[in-house]
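Before anything else, here is the set of structures, which you'll find just below.
Shared between the two complexes below is chain A, which has chain B as its partner in the first and chain C in the second.
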Partner chain A sequence: MAIAVPALVAPGQGERVDWRLAAPLGLVYLGLFAGPLLLLIGISFFEDSELAKPGLASWRRFWGDAFYRGVVVDTLRLGLLTVAATTLLAYPLGLVFCASGPRVQKALIFIILLPLLTSVVIRTFAWIVILAREGVINNTLIALGLTSTPLKLLQTELGLVMALTQIELPLMLLPLLTVMRQIDPNLIDASRALGASRWRTFFRVLLPLSIPGWIAGATLVFASACTAFISQSVIGGASLVYLPALIWQQSMVVYHWPFAAVAAVTLLVSVLAGISLFGALERAARTR
Partner chain B sequence: MFQRTTPSDISYAVVLRLLAGLGVLILVGPVLIVLITSFTTSAALKFPPPDLSVRWYVELFDRTRSAHIHTAAGNTLWVASVATGLGTLMAVMAALSIARVNRPAARALEASFLSPLILPTLAYGLASLMLFALLGFRPSLYHLVLGHLVVISPFVFRTTLASLTQLDPSLLESSASLGASRFYTFRRITLPIIAPGVAAGAFLAFIASIDNVPVSLFLSNARTSMLPIRMWGMMESTLDVRVAAISGVLIAVILILMIVMDRLVGLTRRMGV
Partner chain C sequence: MRMPPQPLTLDGLTHGYGAGLAVDNVTLEVRGGELVALLGPSGCGKTTLLRIIGGFVTQISGSVIIGDRRVDSYPPNQREVGVVFQNYALFPHMTVAENIAYGLAARGVSKALQRERVAEMLATVQMTAFAERKPRQLSGGQQQRVALARALAVRPRILLLDEPFAALDKNLRLDLQIEIKRLQRQFGLTAILVTHDQDEAMSIADKIAVMNKGRIEQLGSPIDIYDDPSTLFVNSFIGSSNLLAGTIERLEAGTFGVRLDNGAFWPVASNRSFARGDAVFASVRPEQLTLATAEAPGRFPVNHALSLPIGGMLLHDVRETNGAKLKVAEPRVPGTSLSMGGAAWCGLAANARPSLFPRP
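Let's turn to the complex of A and B:
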């Protein structure tokens, strides 16, 4: 009886991929995901907005101009700054989470999920109210007597990183919490019993063990912060230009598709490069 | 295990609590600020508001004065419902096709089906616009459904695959050995067990479609306007306080849905935590 079973098991539970079941989503992805992305790459190799003259001019114009190279650097720096800021807040929250009882844990998960499920547009809107000249932060600072003139926070990189930290923090927390929860508490007790301080225990035991969760979180935060069009354009304003705004402006305002395609492929490749860098970090940490 | 509390331990506890407190504040604060601001009497976005009223909610629900917002909300709901329905069906099938298969082909399929979660979907939004435009299609809600389908299916795929991995294969084997057909086994054994995972994924996919910016930004226009894009327009031009009222409605709806979904399918457990 048992020998005949593998041939009879339910769809997909066998040893082989059931291509009939994979086909619908697979074909949709081929036609509507891979197809358009290949088309995007193709269009970037045209020189004019009528798509009549193939050539490298759009690529040359993009990479030959210091302004556009600066936009790429700024976009990646924004991603990295957001990863750094979310890391700084996510670890303490993770430690408190692991040390709490089930009720507090459940409350914390709701606190993390609520902003995640709230539209990015709403969260960006909230930060306008917070960062404005007469916003929450400036009013608080003035009330405390820490400053007499309101600080300029909107349309600055600092304000944008603050907003993105809140917007992306749940993406860092969810994978990090999953991994931190699985760390054996005995290891921490052992480290403490052997005389290590709490700081040393954190940096030598907890931090290395939680790296896989951090990598997963950092990847999501980095990709999301680099492409956060609404937050970048509303909080960054016209003075701070990032790749998503450039893509939007070139395609929907200027209608120069090849140039927009060059910017979009550049965004795609640089985010992927950033992600593989995080992956390499993980491998390096594992072999160490 | 009993050690003296050293200054280093105290500094650790202080830094930990300060940063964790700041983390909670930064997560919750903005949501609360939006909610409170939405009840302002003023036409300016000041916090704290000078006085409280439901003025902007009345304005928001006024059929004539907020007609364009109502149209956008209707479009958004329609696209999200259709895309979630189609996406759930196809993602569940795709997850079934590779569950418990340990071959390179299965790993490759899994990675491709999850890729829209990591790839910058903004580039994809532009790419899909180019495809539809070159094929000569005029922008319509159907194209938005197709665009959303690609970016929201991974949510269902991921939770369904996770539920399938936890499914005990001996259940399927005994069902089969008792003579049940493959489809009967799926309907009576597999589906009831994975249903909560599928539902949680569908919920996340639905929310992702409602909130979607990168694809709607390129595929929607004045006729097929979508709510997040409309709200962005309202924020860019006049800082209309109705944006706060829309946010208030959306936050309330999401909060209720979250609590319902958590009761029904254990949403919080399925978010990986």
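Let's turn to the complex of A and C:
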């Protein structure tokens, strides 16, 4: 008896990967990720915390309120600022990395990875010590006579971006350096010999060729900065509210699950929108 | 308007990476419009020398003079040097046309003039049909032609080529060698070609500089270098040769009587100086030896192992009585069959001019 088996090799397409290899993980995802996600979306379409009355009231309340819209904007801005700051730090380091010999490169990779060996919680608390009124930064500035009254850094966006930049920097650096080290150094020499300055060489050759690495890094940094619940809460404190804290508060304190679900779906969609923005940037750069 | 060909002078260039010198006190004068090949084994410092001229590495001492300018303090983008790399180094994210326009844009040439020059260069290297392709859609030879067009588009003073044919197969290599020679003539360019392939150097260079361990051992025309190598290293690096040990037995004006260890006596002209009793090597090219069936002065006994037809020549592999191997090349007489094996007498061909070197 013949048994129908999906064709592994489609004519003219070479050998294709057997999708059944992905089945175990696929099923786990289906059960533990896609299922709950559908549940979450479903819950958001109830109006009351007892989940008795279906309707759009939760969505309307969230998007009708300027405060909540502001929380969405702040969250995305935090992600973008962190991406910008990590980019500005990562590129110069990338140039140094590419110009270094193999031994210095190994040392740099180790230094870059080092922070990842410490938990985010510990690193966040370390930043409190650095940013506090009598912390490292303020004491240094006062000792240098650059300011007489301590700057307020804790519970500000600036302090939070500083901390997140340090915490997320490895996520930007690793993909960026991986791509940059694969760029043929002769391309830089070729550009220089053709009369291009260092800056022109950077913008016309190194930057476009490193964009795929930057996209990967920016995606990781953006997603994790937008959702960095611990750092946002500990350094941002009560005065700065971001979507993760809002979700926690609505679900665990107020127990209004439909409203928390609206915030969660909003966070998911906005992070995905941000990420696809980076992808669009790459396509624009490639077709230019 | 075209610049007249620019001379290039290297004056006592020295460079090292940590331990040892990669380039050791190199002095070289290249006349305007000349193509000089830097020939030497891998690791002898050819690329380093080229990178110093291009300004990509800064020498420890010495200077580079292009035309009438001492360029030691110039960054690479101000040296007006065209470079063609072994791996082509085309910008992978740009089309062929954009690659060729790159240097023009960097010099602020107007868009209209860029287009004109790109079209002209594409036609020069016969790549017009490929203007909108990306480098990865081209074969190795096509990529190398684009690299050449890109380097020449900005009208450089000097063209530097670092093993430009090494990654290409043999037929293509010959085509490109002819192409480069043609363009170099057409543009009146002074060019330095780095290679470790002596045939390549012989066929396209006006002069060859043979390098060994960071130094130039000999500079001369391909024919000078082939016929009159100045050191044992140059002798063994260029072409194939047989080394026969011997001793100086007699001195006459400009001619040395050499008693070879195999018993034969050869009078050899040489402009080097030797004293009676000096141990020497006599070096003879395979085509400067002949095989004969009878004994005569200057001949020594050999055993004939085998013969290989190589084009119009027959290459005989023969052994001296002490087992040492020699190569003998003779024109192949059409219609004759190969005689294999057996004893024979080996001697100098008419007009043969062996070289003498001191034997350590």
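In this text, the second predicted complex is superposed on the first by the 264 of 288 C-alpha atoms of A that agree within 3 Å, B and C clash if a C-alpha of one lies under 4 Å from a C-alpha of the other, contacts with A are read in each partner's own complex, and residues count from 1 in each chain.
Criterion: contacts are C-beta pairs under 8 Å (C-beta built on N, C-alpha and C of every residue); 3 or more make two chains touch, one makes a residue touch a chain.
Keep in mind that what you see is a predicted model, and the values were worked out from it rather than measured.
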item: Which of chain B and chain C A:P208 touches, first, second, both or neither; value: second
item: Chain A: partner with more touched residues, chain B or chain C; value: B
item: First, second, both or neither for A:R286, with chain B first and chain C second; value: second
item: Contacts of A:H256 with chain B and chain C, given as first, second, both or neither; value: neither
item: Which superposed partner A:S197 touches (first chain B, second chain C, both, neither); value: both
item: First, second, both or neither for A:L187, with chain B first and chain C second; value: second
item: Common interface positions of chain A, toward chain B and toward chain C; value: 189, 192-193, 195, 197
item: Contacting residues of chain B [partner chain A, same complex]; value: 1, 3, 6, 8-9, 11-13, 15-20, 22-24, 26-31, 33-34, 37, 45-47, 89-91, 93-101, 103, 105-106, 109, 112-113, 115-124, 126-131, 134, 146-147, 149-150, 153, 157, 164, 169, 172-173, 175-177, 182-183, 185-186, 189-190, 207, 210-211, 213-214, 217-218, 228, 231-232, 235-236, 239, 243-244, 247, 250-251, 254-255, 258, 267-268, 271-273
item: Chain A - residues contacting chain B, complex; value: 1-2, 4-5, 8-22, 24-26, 28-29, 32-33, 35-37, 39-40, 43, 88-93, 95-96, 106, 108-115, 117-130, 132, 134-136, 139, 165-166, 169-170, 174-175, 177-178, 181, 189, 192-193, 195, 197-199, 202, 219-220, 223, 226-227, 229-230, 233-234, 244, 247-248, 251-252, 257, 260-261, 264-265, 267-268, 271-272, 275
item: Chain C-touching residues of chain A, taken from the complex the two chains share; value: 184, 186-187, 189-197, 200, 204-205, 208-209, 286
item: Touching residues (chain side chain C, partner chain A) in the complex; value: 51, 54-56, 75-83, 85, 87, 89-93, 102-103, 106-107, 150-151, 154
